[in-house]
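Mind having a look at this structure? Questions to follow.
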Amino acid sequence: MKMRILLINGPNLNLLGQRQPEIYGSTTLQQIEERVRKRAEELGVEISAFQSNDEGGIIDFLQKESPSADGALINPGALTHYSLALRDALEATTLPFVEVHISNIYAREEFRHHSVLADIAVGQVSGLGWRGYLAALDSLVAILKERSG
Amino acid sequence: MKMRILLINGPNLNLLGQRQPEIYGSTTLQQIEERVRKRAEELGVEISAFQSNDEGGIIDFLQKESPSADGALINPGALTHYSLALRDALEATTLPFVEVHISNIYAREEFRHHSVLADIAVGQVSGLGWRGYLAALDSLVAILKERSG
Amino acid sequence: MKMRILLINGPNLNLLGQRQPEIYGSTTLQQIEERVRKRAEELGVEISAFQSNDEGGIIDFLQKESPSADGALINPGALTHYSLALRDALEATTLPFVEVHISNIYAREEFRHHSVLADIAVGQVSGLGWRGYLAALDSLVAILKERSG
Amino acid sequence: MKMRILLINGPNLNLLGQRQPEIYGSTTLQQIEERVRKRAEELGVEISAFQSNDEGGIIDFLQKESPSADGALINPGALTHYSLALRDALEATTLPFVEVHISNIYAREEFRHHSVLADIAVGQVSGLGWRGYLAALDSLVAILKERSG
Amino acid sequence: MKMRILLINGPNLNLLGQRQPEIYGSTTLQQIEERVRKRAEELGVEISAFQSNDEGGIIDFLQKESPSADGALINPGALTHYSLALRDALEATTLPFVEVHISNIYAREEFRHHSVLADIAVGQVSGLGWRGYLAALDSLVAILKERSG
Amino acid sequence: MKMRILLINGPNLNLLGQRQPEIYGSTTLQQIEERVRKRAEELGVEISAFQSNDEGGIIDFLQKESPSADGALINPGALTHYSLALRDALEATTLPFVEVHISNIYAREEFRHHSVLADIAVGQVSGLGWRGYLAALDSLVAILKERSG
Amino acid sequence: MKMRILLINGPNLNLLGQRQPEIYGSTTLQQIEERVRKRAEELGVEISAFQSNDEGGIIDFLQKESPSADGALINPGALTHYSLALRDALEATTLPFVEVHISNIYAREEFRHHSVLADIAVGQVSGLGWRGYLAALDSLVAILKERSG
Amino acid sequence: MKMRILLINGPNLNLLGQRQPEIYGSTTLQQIEERVRKRAEELGVEISAFQSNDEGGIIDFLQKESPSADGALINPGALTHYSLALRDALEATTLPFVEVHISNIYAREEFRHHSVLADIAVGQVSGLGWRGYLAALDSLVAILKERSG
Amino acid sequence: MKMRILLINGPNLNLLGQRQPEIYGSTTLQQIEERVRKRAEELGVEISAFQSNDEGGIIDFLQKESPSADGALINPGALTHYSLALRDALEATTLPFVEVHISNIYAREEFRHHSVLADIAVGQVSGLGWRGYLAALDSLVAILKERSG
Amino acid sequence: MKMRILLINGPNLNLLGQRQPEIYGSTTLQQIEERVRKRAEELGVEISAFQSNDEGGIIDFLQKESPSADGALINPGALTHYSLALRDALEATTLPFVEVHISNIYAREEFRHHSVLADIAVGQVSGLGWRGYLAALDSLVAILKERSG
Amino acid sequence: MKMRILLINGPNLNLLGQRQPEIYGSTTLQQIEERVRKRAEELGVEISAFQSNDEGGIIDFLQKESPSADGALINPGALTHYSLALRDALEATTLPFVEVHISNIYAREEFRHHSVLADIAVGQVSGLGWRGYLAALDSLVAILKERSG
Amino acid sequence: MKMRILLINGPNLNLLGQRQPEIYGSTTLQQIEERVRKRAEELGVEISAFQSNDEGGIIDFLQKESPSADGALINPGALTHYSLALRDALEATTLPFVEVHISNIYAREEFRHHSVLADIAVGQVSGLGWRGYLAALDSLVAILKERSG
């Protein structure tokens, strides 16, 4: 059976490409989702993409989809820094996930330097732009294959 | 008229019994709600149960139900530690409530040691498993009867 | 074309006038919205009012309405103190806004002394009661007119 | 053989009922001990009550009685916040115990918000008045029976 | 009898309009005082304006003038952040006052984010430029009228 | 001319594969260098690999090689957390670099959560094992090509 | 009836005059108690002196003697800085007391700068040597007479 | 030659007796100065009293008068908490002084708990009302006589 | 005359060998005292051993025995971390002492990393098990001989 | 036209040479001003010297003299550590200045380690005694000549 | 086969005996190494001694020698307080080691109170002078024999 | 005999003049060494210059050269902020030294505001560019002559 990876983007990431391109680049969320899907196809993996500005909505999605998923790529946006409810959802679902940030969060405001999710993630990719999603996908899929290997 | 108690459970508590049983036990939320209802019946009290993964949804519920309620048992899940909006809702409704935690939050991660709600609660019960809800119900009902006495 | 200002009120502000009048006064949110509208009319400005208890809902509103708006008055309620997602939405929309607080947040609990939004606002008005909205509106409209000069 | 529970009250709790009733209520320690004993009888459990103003005395009591006890209810009074020697005694005896506070320690002075014992307790009950002892007893006995079950 | 409002500006505010216009704008203190006076006339209120670079001088002024004044608008400049003596003077005189800052102090250096006066003020206006004085005056006069109402 | 990337590994990374495989995996540094070289060949890029246990030695290498290099992959080992001299060297050479960590530094000891280099890096990859080097290489080369466009 | 004042000295104050005279002077505790008694006689006041190295012992003494006392002079020694149990005893007994320190605690180690008792005392005298007891006695008696006056 | 003691009162202490009597009592500064003078006469000591709202003015006074004085009683008002310049003046003049506070500074706002002067004082008296000046005078004169003895 | 060394063990150390052997080993306090005595005999030194769970009791012992003793080995148990009264007793007696901990206190809970006694000790031995007492004895006796030498 | 440099000394520096010579040396302020003037003459530069114990007075001087000055040497005394009003004055006047300290402020009390002015200075000289003024003058004049060069 | 113990001394310990004898004593490093060797011979153990001022050099030595060693005595000098690279080397080599400090690090500057190595050591000896090495050797050898026993 | 001064420059200062000239200026290290030598000649003083990127190397140099030197000018680069080993070397050699920084370290990143060396230096010069070395040399030589005078 095909491996299935959730691609979850948090608050304001639907604005990618339109605003603050000096920080987030000019690639739209749609383009990112397409590129992730294309790479996923090459890797023989299925992608289920989701974006929401709502913490509760993301938790609902995670609870519903995780039983039939193998892993997740998550860019939680600003929820990275305070959403302990999202953390609990991720911990409860025990889904292996990689945290992705388009910009280098360590080169920005102090409050962006701390993630309440990173310690329960497989890993974190930060500052590599939209390519960070591909880098995370490649690695996550390889790690999952190795584990299930 | 019968006393009415709200039973509110926050994010991820719908997963009780299915995940991380070493922390939260194997009792499901449904079972807890039933046991609380049964004890409430014995005490001559009505229960209105609600669970949501959404901060805003819980606040809406509280605003709507509190005028016709006498008290509340609340397990806010991870919202315990940062939801000042939930705090404001509880303070605004002036509903006497007991904060309940299934696990001992003081024996877990540092971030779980601080509650932004506890100082406006009647009290807090932590670490007594699903029985904590019953303990809280017994005490809250007795206290409310004494007050209205 | 008429200038358009968003008037956004966060969690629990729908309870204004009914609860804790010793802190928030006895004016209802509806009355505030009417008074802001009346003053706006005098200034030749259009008002779009919105209230929600939901962080995600406010961000959705901001993303949808900001392209056709010139500025905003925002009383984020308790979200002031932790909603980095709201901050990101405000920063992304680049809408000039004034942060309004009915009570003097610096005379209340420690946790109310810090705003995660104030540094990206035009300014902040705190403690002037419902009149703070009018004070903010007067100033914001004048500033916007000067800028568009 | 009958289950045996230690009921330990720390410094100044002998003054219960006489002083600061607005915080601690008007029930005396004797009355609390009687009510706990009565409930214990109903549960088929034996109670050994002890109160001391002396840290060393409480540790001596714990060391002597714990080998023949099954659990403990402890209201350590102000020792809650600094007595690492009491903590070591509790940890060494490995007796399952519930920490009980009559008042809501989270609604009082900052220094009362931190317990140096709570993380090694089964759980904590705070703010439920003298009923907190009963709530703790009910739960502790049920938990101990389940474990030995 | 006419209401009398003190308009007090602290250290370096006499330089307004001449220096750092990118932060403080190009309006001079004289112009601000005139505009405040003009608005005060419209409101039927008398203004007594004072500026000093000297903490002691401002306290002397406050002690002398407060018995015959009804309220104050105060821009304490850098004294905002450390002058506990000014705070004591304001607290002793019990004069209702609004704290005004031309620039948005929350968008500047860390040390400007804390005011040692704000918690005893009626309210605070920050970042609305010279208009902030008018906004504060409007609100303060209305509040004082309501109180004496 | 071929793009040239420095591959720098700090203290104790020469022990990879031999020690603490539960944290760092069983791949040796040599194997990692080979895999990075192989991928680099596919990308048409040249790799210069270097490992040292000595802060001064790494700075010397960086000063000497950076004028003829286009970018760097750096796993600074424990120097990540305190070597301000390495930071200065990286800042002085203005070489674009990606910081790579084999283990998830955010899931380990507190002192590993802070990097003194990350804010001047292009980005950071953490927790993806030896694959993190490939992920970083892919992204860095793509970013450098885009820039030199 | 004669006013009765407790004179309580904590751990190690029995060593006064024998050790570290460069800090505590060469007057013995006995001499201090005599001088306090003599001054008390002049003021028409009775003194009950007590010294103990034991926190529990001091609390026992306070609980027993406070019902028949009008006030207390307390030099808690090192208990000043951490004995929350002593604080609770003092708060429970509601006995007006002055905290006395022979040496200037603010000119010594950092840990001596904070008293957990001072905020519930009438006042504090520090650094005036054995005369500090007399100064405290004079003032306390005068204040008590004024109150009961 | 007669011993000469400076009696220095800082900002806002000229308002004693008129304002906030619930904190500072109803005795005026003039009355305090008279009572100190009277007691000084009994002790054969001369008093030079000074009050100013101005940090600079107090330092000038200290520099001018200290060469002909033997000691000082100082109530620095709010300067207690931040006037390092006053501290330097006191340290430079090497005049033995006692710091006096009418109210119990440890029972008030957090910022009043720290004195930047106390560690270079002979001692500190806090919370004994106007009598604190007499208590400080008695002790200081006795200490000075002993030293010069 | 024979050198005399006090061997003092604080709260809960009487439980050594019976509880938590994975931390404290299986040697009992009696066995440790015997081994220390035996080594002392070899060194021509007399040992006076004492254990108490009571802070006050240990201070009493120290005050009584120190005048006739030459040094001390002290394992204060949990008092290490907060007993400022014990610190004062040790400082007052000026007895040279070595602080001994059976377990490595730096490898345990955060609160065990700070000793309030260590800075006034000759030295500290931690983590060497019961042998730490012998190591401390050897060194202390040699140092004392050298000093008196 | 001749370059003009302000030489400003803050509180208590008029006491130089008379007090605490072990810290500040035995050179008087007058001697320092003469030596600075002499060196200034050699450099073809004019000096305007000013000393005050008054924060407000120094700000007045700076506001008045800076328009006709090219730079300043400032030893702010204790104002270094808290006078944000002086900082604002220096920032507003945009006069290039060097901060001079006679003693090594980093080898003294903790509170002297932080300057609220240093980050807006050209530079800082500390611990070189009266020669520090000459060192600062030489450098400042050279820098100003280079800039205007 | 003979047990082999590494004896490693860090930066500036080659200066022992020549400098700051009031802190470090007058014994040279050579003498210490000889005494350790002599004691080792008595215990039937081989010593390999090494000193370097270079962090990298010490790590190289550890990596090379640890495979053929059974344990280590390490006095890391100032590296104790910040060398996370040395920590990683020690953790990677899994060599049991005792941390030795000649002076009592807890009686010196604040920065010397924290060791970044101590939590992964067997134990720590501090303040026992050169004898601390012997004490550590005795204990370490006994512990290693027991373990291999 | 001629006075001999060590001129020591730490990591990355060999890059002076080539990189980040907006911070460090365009003067090379060679030019600075020449200018220092030339000034030294005028003062009749000999200079021994040394630069290294290696902490260990600088300590070796200091240990070897200090016995035949009279003082040092040290720009430790980034080692300023964490090299406690360098601090120990400087303290051990007891060589009088002045710490020099080309840029104003107080106007840069937070981590550059703290020097671990400054409190044992004669003084510190910061922000005066390459001229800072000359200013430091002038003062150090004069101070050394005065001392040996």
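Labels for the chains are A, B, C, D, E, F, G, H, I, J, K and L, by order of writing; each one numbers its residues from 1.
Here is the rule we go by: a contact is a pair of C-beta atoms (placed from the backbone, for glycine too) under 8 Å apart; a residue touches a chain by one contact, two chains touch by 3 or more.
Just so it is clear, the model here is predicted, and its values are computed rather than measured.
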Interchain contact steps from subunit B to subunit G (minimum; 1 if touching) = 2
Ask   = Same or different: do the copies subunit B and subunit C touch each other through matching residue numbers, with over half of them shared?
value = different
Remark   = In whole angstrom, the CA-centroid distance of subunit B from subunit D equals 23
Ask   = For subunit D and subunit H, what's the span in angstrom between their mean Cα positions?
value = 49
Ask   = Can you give the whole-Å distance between the Cα centres of subunit F and subunit G?
value = 64
Note = Listed in rising order, subunit J residues that touch 2 or more other chains are 54-57, 82
Message = Under the stated touch criterion, can you name all the chain pairs that qualify?
response = A-B, A-C, A-F, B-C, B-D, C-E, D-G, D-I, E-H, E-J, F-K, F-L, G-H, G-I, H-J, I-K, J-L, K-L
Ask   = Across the complex, what residues on subunit K touch subunit F?
value = 54-57, 59-60, 63, 82-85, 87-89, 91-94, 116
Query = Mind pulling up the subunit A residues that touch subunit C in the complex?
reply = 10-12, 14-15, 19-20, 52-57, 77-79, 81-82, 111
Ask   = Which part of subunit G faces subunit H closely enough to touch in the complex?
value = 98, 104, 106-107, 113-115, 118-129, 131-132, 134-136, 138-140, 142-143
